[in-house]
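Both complexes below contain chain A, partnered by chain B and then by chain C.
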Partner chain A sequence: MAGPTVKPPRVATGALLREFMVPVVSVAIAILISSVIILLAGFDPIAAFAAMLKGSFGGGRQIGETMLRATPLMFTGLAVAYGFRAGLFNIGAEGQLFMGGLSAAFLGIALAGMPRPLNIVLMIVAGAAIGAAWAFIPALLKAKVGAHEVITTMMFTFIGRYLVSWLVTGPLRADGQIPQTERLPVESTLPRMHEVLPFLAQSRAHLGFVVGVLLALFIWWVLKYTSLGYESRAVGFNPWASETGGISVPATTIKALCISGALAGLAGVTEVMGVHLRLFDQFSAGFGFTGIAVALLAKNNPIGVIAAAILFGALSAGAGTMQLEAEVPAKVIFIIQALIIFLVAAEQLARWVIRKGGRQEVEHAG
Partner chain B sequence: MLADLLTPDLFASAVRMATPLALAAIGGTICERAGVVNIALEGMMLFGAFMGVIGAMYTGSAWFGVVTAVVAGISLALVHAFASITLRTDQVVSGTAINILATGLTGFLMEVIFGHPGTTDPVRRLQPVFSFSGPGDGALATVWRWVDTVFLSYTPIVYAAIFIAIGGHWALYNTRWGLRLRSLGEHPRAADTVGISVVRGRYSAVLVSGALAGLAGANLTLEQVGSFTEGMTNGRGFIALAANIFGRWTPGGSYGASLLFGFADALQIRLQLFRDVIRIPSQFFLMLPYVLTVVVLASVVGRAVAPAAIGKPYEKG
Partner chain C sequence: MDSKLRKVLALLLVAALVAVFAVGCGGEDEPVDDPDTGEAPTTDVRAAMVTDVGGLGDKTFNDGTYEGLLRAERELGVEIRALESNEIADYEPNIDQLANAGFDVIFTVGFLMTDTTIVKGPEYPDVVFGGIDQFFEEPGDNVVGLLFKEHESAYLAGVVAGLATLDGDLDDRINDQNKIAFIGGMDIPPVERFEVGFIAGARSVNPDVEIINLYAGSFDDVAKGKELALSAIAEGADVVFAAAGLTGNGAITACQEQGALFIGVDVDQYFSVEGSGDVMLTSAMKSLETAVFETIKAVVEGTFVGGENRTFGIAEGGVDIAPFHDFEDAVSQEIRDAVEAARQDVINGTVTVPATRDEL
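Our next item is the complex of A and B:
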């Protein structure tokens, strides 16, 4: 115990700083370990990470690509983080993302000829609703019979993927060799960022990035200042105490998992409206699963999700350059992701490194 | 059409499809009975499937591939055990990390070793254990065809899974090992008090589940397919967890539930042969095992009781 001699604000800042240091140090250790793996596989890790840096932040186009990759991760990261806050593990964000993408691809064509702002709003709302709906049955089963959401949302991911696969090869298929839906008319797409930020010229970064950042701030506010957010956190923290305190645990569980699904659905909407402008089988590069890593690295803090999404967006944007220039297979980024999850979750290693580095400061804050 | 559908091949195919699910489900049973949740069965199976092909490829022996697959499963299990038992990390989070790690490792090694993503080169598969010749015609021929196909046509790991289910079920309720294992998941503090090492017991349970998941992977690549494709486990590790719950955390029940899922899978494959008659898109058949899993979980879970200390790290105190 520090005792009365230590000024409270100092302790708070120190604690906050150390809280922030754990993810940072974890990322550093993960990069170190993956360097060893890259070395063992017979490649040059320094060249690899240099190429990765160049591919993710080396210029306007590269920064734009990083923003582009970060966009869906913000939504799925928020989705998983919101679930975790309520004590739910939405491992099936990928499935809700698929359904969001599906609704955007369908609605975008149906709304052809309507004003662009109206379309954007309608498509976003519809995508969130479909994402929520796709999470509703797992949520109901969790609340009513206690079926674990890890299994049910995972199963709904496979069901959703096959549904999309059927629709793009069958009823919604456009003419042509490749099974995909028709290209969206311009009024059903999200504007590109370079229209206002010429600096990002030639990158595909789109308005979805801004939507994601604003949404993160909004979710932060919801969790912190609304009764909905309070109830979600209370149930996540201690369901029994919440029930005693008059919060309906089943109702809160259903609401929280549906909100999570809605957020994940938006990732699919913005990918279709901003990047691919149509729907096909493989339109998501596992963003729903990477969202888990994003949420954990952010320690389920919505503001932290923005930073974590940009980091994983950079890894993904830089992976291509790394493969091209250092010949390291791009899939190494999944190994880095896994290492980061382990290190953040276990904390001990990072805390030990921090203690060694800042022994003085820790003893003061003690 | 029904006669074309309900052939001995359908049932044999169900048993084959059930095998990887059953092995992983029994792994899940043993792990959860010891109080450790293992959602990394998917990743352990995937890594086992890949390393099985690698082992078989470099030695030319499918049997050696089985060994490397099991070792691969155990090695990821060791990571899970260290994270969740020693470091007391959230078990579901650790499992997720292992699943992502397995996806990354298999994809990465695939490109390092084969120079391309997707599917590995084919390897020699394990052959069926028996090959008897029965009567070729007459009334007995049909009976023989059923017996031969449904009971005598399988590869070694398929039989091994049946033995593991029966043996494991017996051992869980009739041996000192089984009693100790159950105590770890129900009341670790009590187990500790009477001198059972919770840490050692849980480590061994997690490692056994990894070995079984690795064996499940070997069944996929070295018996069923003959090569490895990225992501080929396709959610089987999660279906296996559902089978374990449906089987009420017993090895025999896990096998039985897996047989149900295996039958659904065999049926959907078989039904696709009748596409001209039924006219339902293939994707709906492919959904069947996943839909069934949800239905089964929805109908059974309220009445199935999980080990009391499941998912909780144990702190000696």
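Our next item is the complex of A and C:
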């Protein structure tokens, strides 16, 4: 092992840098492979990425659009990342998101006429609570009888989605041709950011982005400096050792999955309050599932989630300009996203194989 | 280290192969612009469309709208462009992109884009907006809603189905239970029109027919479509009409496996769904191409009038049923006469086809 001459800070910095470099390199390789694909498809990759950059960061409005699309991914990315840190795969963030959206659509109408700051706080708290509640039953099943959360949270996603589908076509449907709820009154919506930051030029970016960034910092702090975060990480790292060390694994599992559910619920709340201002069947473009990719790319680091969400947001925001100016089909975005996920996942896979190999050697030695 | 490098290389190669394969497959569905022949007429009008999340290659209404653009390019020399939406959040910025790039006519496809079109119309008063399947309460002068009397083509399809289910000579898959089925995508006005028109048409020629009526709740759930069709066939339905987008393609498979006939929707699905000829009796079509082309033509010729909803029915050549294709010889003269009589009744107003369940 390392001798006494090695200075600890330098080692830490090197490891940190390496951790940081892996996702960056993955993204770079993904862009490189995508370029080859775009070239093979008969388009100009340089023009394509230049147009995409222009469409995502080329001006105030474009930056705002990137922020808009990064917002739900920050919440779902944080949700999935927090789960992973506690050793839980919350694949059902989409369902928790739908329930958060449902509560916002319902409360937003019920709270009509009340002061805006009060509504915003109430709707955010309620959406987080219902997201947590939607994760609670799977969490309980996991803690008490060991039912795997991948199955149960996924099943709750179906229940949530179809519940929303029924409500917007039935009891909560507003008058008109389209199955959707009534439009929220202005006091139940999130303010748009250009009202404070004029350079964002009428873009649709809303307060949810700021909430997401602050929440990411908060979750980072929780994981690093609180006993709750410590317990979550300990259980995720090694449940048996944690149990021996006096941490209640069932209780920690329930808390962690509920926190994850609350974070995912907020994605639904902010989409309804900030973007669509109402609820309908297809208000989420699979943000709960893209959140898994975001968490993966961020290596489950809450700060990393901010960056990963902005990257995915930029890809989504730049697609239109890429189509218009470079005439590359918008679906190329999905290929780039898939490649990023693939490369990041493959890296994890390789690392796992290496670690597994190392452990076996130790076992043989013992 | 060396083996790790090899692993990484192998993974990269696999990734590249998979990706190339994916692009290759996707490529078949993408309409390809034909190079200009050089003698096409020219105009400086530019027309574009924003697809809904189904995108180009959906073989129904996005592609139908694009056909209209292609025809305008061919016959009028209009520059055209289609922007695909990956998600609902793309609708607004895609319209902005096209308007800011100087397009004169923008078609927004699908009823889900109604709200967006209402917002964007006044923002770009110099741009003409055509809302496909969209009804506007108070359209501005630059906005036109392009709607179809789906119930009229469905009425004809209902006449065919209502008589076919009684006609054991037509096909040996026809049973004597006198049951047919309707499968809807989502319960929205255009689909309701298909449903109601189909029921009215079938009952007009066969008052005792039982119609099994099912909704999938989705336009892109092929498995659900198959499941619903299988259950309808198990209950005795021998003709299935699906107005359900991609979901309906599952119903086609169910018909092929369990021996029932199928009626397609929006376009002539005999052509758009390969290998479906053995069950495809006809299709209830709406001519998006005509509506789009006529709108662009009016703009080119300076005769465009907006501020209204334009409805295309049988009389306007906007909707009809497709030929019987592989069933051309099997379909009896009685059915042909009944369809022709129904078509004339609708055109000269003897029959008003109901458009909502309340009117049925």
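Worth pointing out:
Everything that follows uses one rule, which is that the second predicted complex is superposed on the first by the 338 of 366 C-alpha atoms of A that agree within 3 Å, B and C clash if a C-alpha of one lies under 4 Å from a C-alpha of the other, contacts with A are read in each partner's own complex, and residues count from 1 in each chain.
Going forward, a contact is a pair of C-beta atoms (placed from the backbone, for glycine too) under 8 Å apart; a residue touches a chain by one contact, two chains touch by 3 or more.
None of these values were measured; they are calculated from a predicted model.
Annotation: superposed three-chain arrangement on chain A; chain B versus chain C shows a clash. When the two complexes are overlaid on their common chain A, residue A:Gly60 makes contact with neither chain B nor chain C. After overlaying the two complexes on the shared chain, residue contacts for A:Ser316 are found with chain C alone; chain B is out of touch. Judged by the touch definition given at the top, the superposed model places A:Arg204 against chain C, while chain B stays out of reach.
In the superposed model, A:Val36 lies in contact with chain C only, and not with chain B. Looking at the shared chain after the overlay, A:Pro250 reaches neither chain B nor chain C. In the superposed pair of complexes, A:Val150 makes contact with chain B only, with no contact to chain C.
When the shared chain is aligned, chain B and chain C each come close enough to touch A:Lys331. Contacts of A:Ala346 after superposition on the shared chain: both chain B and chain C are touched.
Among the candidate segments 25-33, 313-321 or 349-357, the part of chain C whose C-alpha atoms clash with chain B in the superposed model is 25-33. In the three-chain superposition model, chain A touches both chain B and chain C at residues 37, 41, 162, 165, 169, 329, 331, 333-335, 338-339, 342, 346. Note for the complex: chain B touches chain A at residues 39, 79, 83, 87, 89-90, 92-94, 96-98, 100-101, 103-105, 107-112, 117, 234-235, 238-239, 241-242, 245, 281, 283-284, 286-287, 290-291, 293-294, 297-298, 301-302. Those residues of chain A lying in contact with chain B across their complex are 37, 41-42, 89, 91, 137-138, 141, 145-148, 150-152, 154-159, 162-163, 165-166, 169-170, 289, 292-293, 296, 329, 331-339, 341-342, 345-346, 348.
Looking at the complex, you find that chain A touches chain C at residues 29, 33-34, 36-37, 40-41, 65, 68-69, 162, 165, 169, 177-179, 204, 275-276, 281-283, 285, 316-317, 319-321, 323-324, 329-331, 333-335, 338-339, 342-343, 346, 350, 354. Those residues of chain C whose C-beta lies close enough to touch chain A in the complex are 4, 7-8, 11-12, 15-16, 19-20, 22-23, 26-27, 30, 53, 55-56, 81, 83-90, 92-94, 97-98, 101, 111-112, 114-115, 135, 186-189, 217.
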